[in-house]
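Dropping the structures in below, format is structure tokens.
Common to both upcoming complexes is chain A, partnered first by chain B, then by chain C.
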Partner chain A sequence: MRKCSLEKLDSVFAEIANSFKLYLPVDDKDGKAKYSEWAEGVKWSNALNTVRSPKDFFFPQTEDLMGFKCSGKNIEIIDTRNESEDFVVFGVRACDVKSFDILDRVFLKDPVDSYYSNRRDHGIIISVACTRPAETCFCHTFGIDPTEPAGDISVWKTDSEVFWQSNTEKGAALLEKLQALTEECDADAVNDQKEKVSAIMKKLPLAGLTADKFGAGKTKELFDAPEWDSLSEACLGCGTCTFICPTCQCYDIKDFNTGKGVVRFRCWDSCMYSEFTKMSAGQPRLTQKERFRQRFMHKLVYYPENNDGLFSCVGCGRCLAKCPISMNIVKVMKTIGGKENE
Partner chain B sequence: MQKITREQLIDKAVSLLSDGTVECVLGWEKGQFDYDITPAVFNDENELRENFVWNDFCGANFSKYLVSKTRKCNGKMLVFLKPCDTYSFNQLLTEHRFDREKVYAVGIPCEGMADIDKIKAACGDGIISIDASGDKLNVHTLYSDEPISVSAESVFAERCMNCKSKKHVAYDELLGEDGDVIESHRFDEVAEIEAMTPDERFAFWQNELSRCIRCNACRDACPACTCEKCVFDNPNSGVENKAAANSFEEKMFHIIRAFHVAGRCTDCGECSRVCPQHIPLHLLNRKFIKDINSFYGDYQAGAEVGTRAPLVDYTTDDLEPGEVFERGGDNA
Partner chain C sequence: MNNRQETLIPKIGVITDVRIDTPDIKTFRVVTPDGVKPFEHRPGQCAMLSVPGVGEAMFSITSSPTNTEYMEFSIKKCGCVTDWLHQAEPGQQITIRGPYGKPFPVDDEFAGKNLLFIAGGVGLAPLRSVINYCLHYRDHYGKIDIVYGSRSKDDLLDYKEIIDDWSNSNDVHVHLTIDREQEGWDGHVGFVPNYVKELGFDTDKTAILCGPPIMIKFTLDGLYSLGFEKTQIYTTLEMRMKCGIGKCGRCNVGSKYICKDGPVFRFDELDELPDEY
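Here is the complex of A and B:
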């Protein structure tokens, strides 16, 4: 483990930015954190997390997949990809780091999504341990320890120092470049912090939340639960939950007529939308209740079924904070998960 | 702190349920915390006593829900309406969007609703509970031993800081006292934007709208947006866009929406309340309201049922398009 003083952090950022594009959570003018590129004078946000998740780095909201240029009877296919440089994302919380694993299992499974894998290969993740979890946090429900975030490098920030621990070859290589700005140290301060934060985690309002009622093989038991009616009653059918979610991965592919050719692009889609997965026979889920159920069954039952029991929620709490009607996965888990979850 | 109590509302709902006036109740349901309240339909006294809530976080405007919920209800549905909600209620009635006979509206006074994001900004994360006393909110957090006290007014939602009316313009029954229409400062920020140069104004909206993630929450919460099928959701419309091809498209979506609701928007502020990216969408609508007021005389959508809005009512005194052009110049 290595450390540097908090004052030196800007020099560390500058050193990283010498070799890579460096992104980190930065407050906008309204005090909301979003991932922005670091430059001299840019300050790392104190916010617990960003409004949007970091999934954009690997799975952006829109991206061009390819172009078609037509001349006479010939169609030329153009590869529109232009990303070939390594980049660093600093300040990713444990929950969001875990979301990359969940996305990997979708996009890196055969057939590999080369757009996604290209960005994953070029991305270096520096995670940061949490010190002040919010009331909306429930990462522990999914076995995530916010004091021990994964990633290529894990970072712990105390009042005066920043501690660095590499977890991968990529991370070790980057930390190597920071030799001159950091010094070898023991893990005492980090262990102290872990202990304190773990104690806070036990006091969180959602500390007792479990996903025991959910998981692989629960489709028949839960699909027709009568509670879906009241849970989905007020759902507006907007896509806020899906778009701020770090693990929602659905997309649509469309062709855009540029006048001179065609650009094939993909964009995030939302199972909350009436046109989601529309086929020639129509949309398979005609009511908002069915669409609402799909989202939660996917995260809590279908995904685990296809991925060795892994849930596709990381408990980041974004949907708890942002749903216009305050309906969310925790309320679903408590209502359908039975009394023991209350 | 709200003057009317939760118990008064529950008692009213229970008596209307038990004498058969209404079949069900559209109200606010408590959540995990004191602030995450969900609109819900309550069917009996037990449900009400257990889960109904009325506090400083009951911002959701129920008027739009009446369009879909009254269709599912055979008898009457009780709905609680804050003063600003009653304008949306009237506007929807003007547009024949729900059956008035199926609704029993109880007007309830509102002292202003809090914006949880402002409370989080003032008190930090880790909010365990929030209680109101007088004009203060006491916020208990994981990270301070003592509750943090903030004045309710300092954490009002924007629309409540610029509250336009404490008067109910529609109800079958009123609980508590009715208030008055208020001289608000709601057009001040519009005037500031009007005073910008075109480049500044473009930069202002570019910055705001570039944050849009096209979640459509603004549209889906808007009581003036009640099309059964939105043109932007219809693949056959040619303008369906789940994603913006470029930054101009976000502006197009929001500007078209503002045009569509012009003259019908009551300025209820739901669009800005629900925006996960804090885009001040209400300013677009207020610009239209301000212009309509100055071109056609003061007009408040939803103040009465059945009025013809200036934009759909031809008179020989109407503004000529040329007059808008003549206002032109740098600030056009």
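Here is the complex of A and C:
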């Protein structure tokens, strides 16, 4: 483990930015944290987490897939892909780091999605341990320890110092470049912080929340639960939950005629929308109840069934904060999961 | 970057022939610009066809894998992409990618069995690939029955092939029906599910169903009443799809993705899925 003083952090950012594009959570003019590129004078946000998740780095909200030139009856396909540049994302919380594993299992599974794998290969993740988990946090429900974030490098910040530990080859290579700005140290201060934060975690309002009632093989038991009716009743189908969710990965593919040619692009889509499954032959999910149920069954039952029991939720709490009708996965887990979860 | 494989990037296909089958179904013959079949496939698999600027959609490959020269797609006019295709003329290029999905188990579970194909309307399109495959390897299968129905005589797909080839094949029994009486039609009149019950098939068969959901529902009831088990009946499903490789999320039903775990399912497998297809 290595450390530097908090004052030196900007010099460390400058050193990283010499070799890579560096992104980190920065407060915008409304005081909301969002990932922005670092430059001299840009300050790392104090917020617990960004409003949007960092999935954009690997799976952007919209991206061009290919181009076409059409003349008469002929078509030319243009491969518009470019190898990505190496980049560093600093300040990713443990929950969001875990979300990359969940997305990897979709996009890197054969046949590999080259757009995603390209960015993933070139991205270096520097995670930061949480010190002030929020009331909406429940990462522990999914076995995530916010004091031990994964990523290529893990960082712990105390009042006066910043501690660095590499976890991968990519991380070690980057930390090597920061030799002159950091010094070798023991883990005592980090261990103290871990203990303190773990004690806070136990007092969080969602500390007792478990996903035990969900998981692989629960479709028959949960699909027809009567509670779906009341849970979904007020859902507006706005899709906000899916857009801010770090693990939601459904997408649409569309064509756009630029006047000079056609661009085929993909963009985030949402199972909460009626158009999502609408076909000329019919609509398999007729009401918002079915769409609402699909989102939660997918995260808590279907995804685990295909992925060794891993849930497709990381407990980041974004949907708890942002749903306009205050419906969220925690309410679903408490209601469908049974009384003992409350 | 270009050394990274990418299944979403299609190939060019050329429409070399357009056959008008019914008032709203045309069959398109597709090859590559070099004049060869775009790729190999198995009966029941699908391909993504697109018209740049209009959109991309999944279609069942209606030609049999034993056709070494070209691929065929029977397409009903019912949306943006299909409307556009219906105006296309020979020589028109489109894009094509695939094959996608799990095929019918023609060389495993179907081998040596008596086969009963039941189709309604454009539902014959995916089964035609299987039927022609089975007729090509005729001695690998037992007796073959084909029940096919549509709204009217004019809506029967592949009519010439049915009469000229299928009806004249060894130990193949074709049973056609149309929904309502029509001048010039002296065949059976009535809906497919009722016709299946009237024909009263023995249960020594493997049944393969494809058609509109309402036909499937009542035909299944009919087959069950004749004593068929769920493990003897197969179908192929349709869901909206974008990627074709189990990533975009649209065709997810339960823990399955219709594009890659289907579209072919046996009815006992469908029992494990929520009723959302």
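We adopt the following convention: the second predicted complex is superposed on the first by the 333 of 342 C-alpha atoms of A that agree within 3 Å, B and C clash if a C-alpha of one lies under 4 Å from a C-alpha of the other, contacts with A are read in each partner's own complex, and residues count from 1 in each chain.
Assume a residue touches a chain if its C-beta (ideal position, glycine included) is under 8 Å from a C-beta of that chain, and two chains touch if they have at least 3 such contacts.
The model shown is predicted, which means the values in this text are computed figures rather than measured ones.
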So, after the overlay on chain A, do chain B and chain C clash or fit? They fit
Touching partner for A:Asp269 - first (chain B), second (chain C), both, neither: both
First, second, both or neither for A:Ala234, with chain B first and chain C second: first
Could you look at A:Leu206 and tell me whether it touches chain B, chain C, both or neither (first, second, both, neither)? first
Could you say whether A:Ile253 touches chain B, chain C, both of them, or neither, answering first, second, both or neither? second
Look at A:Glu305 in the shared chain and tell me whether it touches chain B only, chain C only, both, or neither; answer first, second, both or neither. second
Tell me the contact category for A:Leu320 with respect to chain B and chain C: first, second, both or neither. first
Quick check for you: in the superposed arrangement, does A:Lys196 touch first (chain B), second (chain C), both or neither? neither
Kindly classify A:Gln294 by the partners it touches after superposition: chain B alone (first), chain C alone (second), both, or neither? second
Between chain B (first) and chain C (second), which, if any, makes contact with A:Val106: first, second, both or neither? second
Rounded to a multiple of 10, tell me what angle the C-alpha centres of chain B and chain C make at the one for chain A, in degrees. 90
In the superposed model, how near does chain B get to chain C, counting Cα atoms only, in Å? 8
Note: overlapping chain A surface for chain B and chain C spans 252, 254, 269, 278
Touching chain B in the complex, chain A uses residues 28, 30-32, 48, 51-52, 61-62, 132-135, 200, 203-206, 230, 233-234, 236-240, 242-244, 252, 254, 256, 265, 267-270, 273-275, 278, 320, 322, 324-328, 330-331, 334
Under the touch definition given earlier, write down the residues of chain B that touch chain A in their complex. 31-33, 35-41, 60, 65, 121, 124-128, 142-143, 211, 213-217, 219-221, 229, 233-235, 240, 242-245, 273-274, 276-278
Counting only contacts in the complex, chain C reaches chain A at residues 1-2, 4-12, 50, 52-56, 78-79, 82, 89, 91-95, 212-213, 238-240, 242-243, 245-250, 252-255, 272-274, 276-277
In the complex, go through chain A and note every residue touching chain C. 65-66, 68, 70, 73-75, 77, 79, 81-83, 106-107, 109, 111-115, 117-118, 216, 219, 223, 249-255, 257, 262, 264, 266, 269, 271, 276-282, 284-285, 290, 294, 297-298, 301-302, 305-306
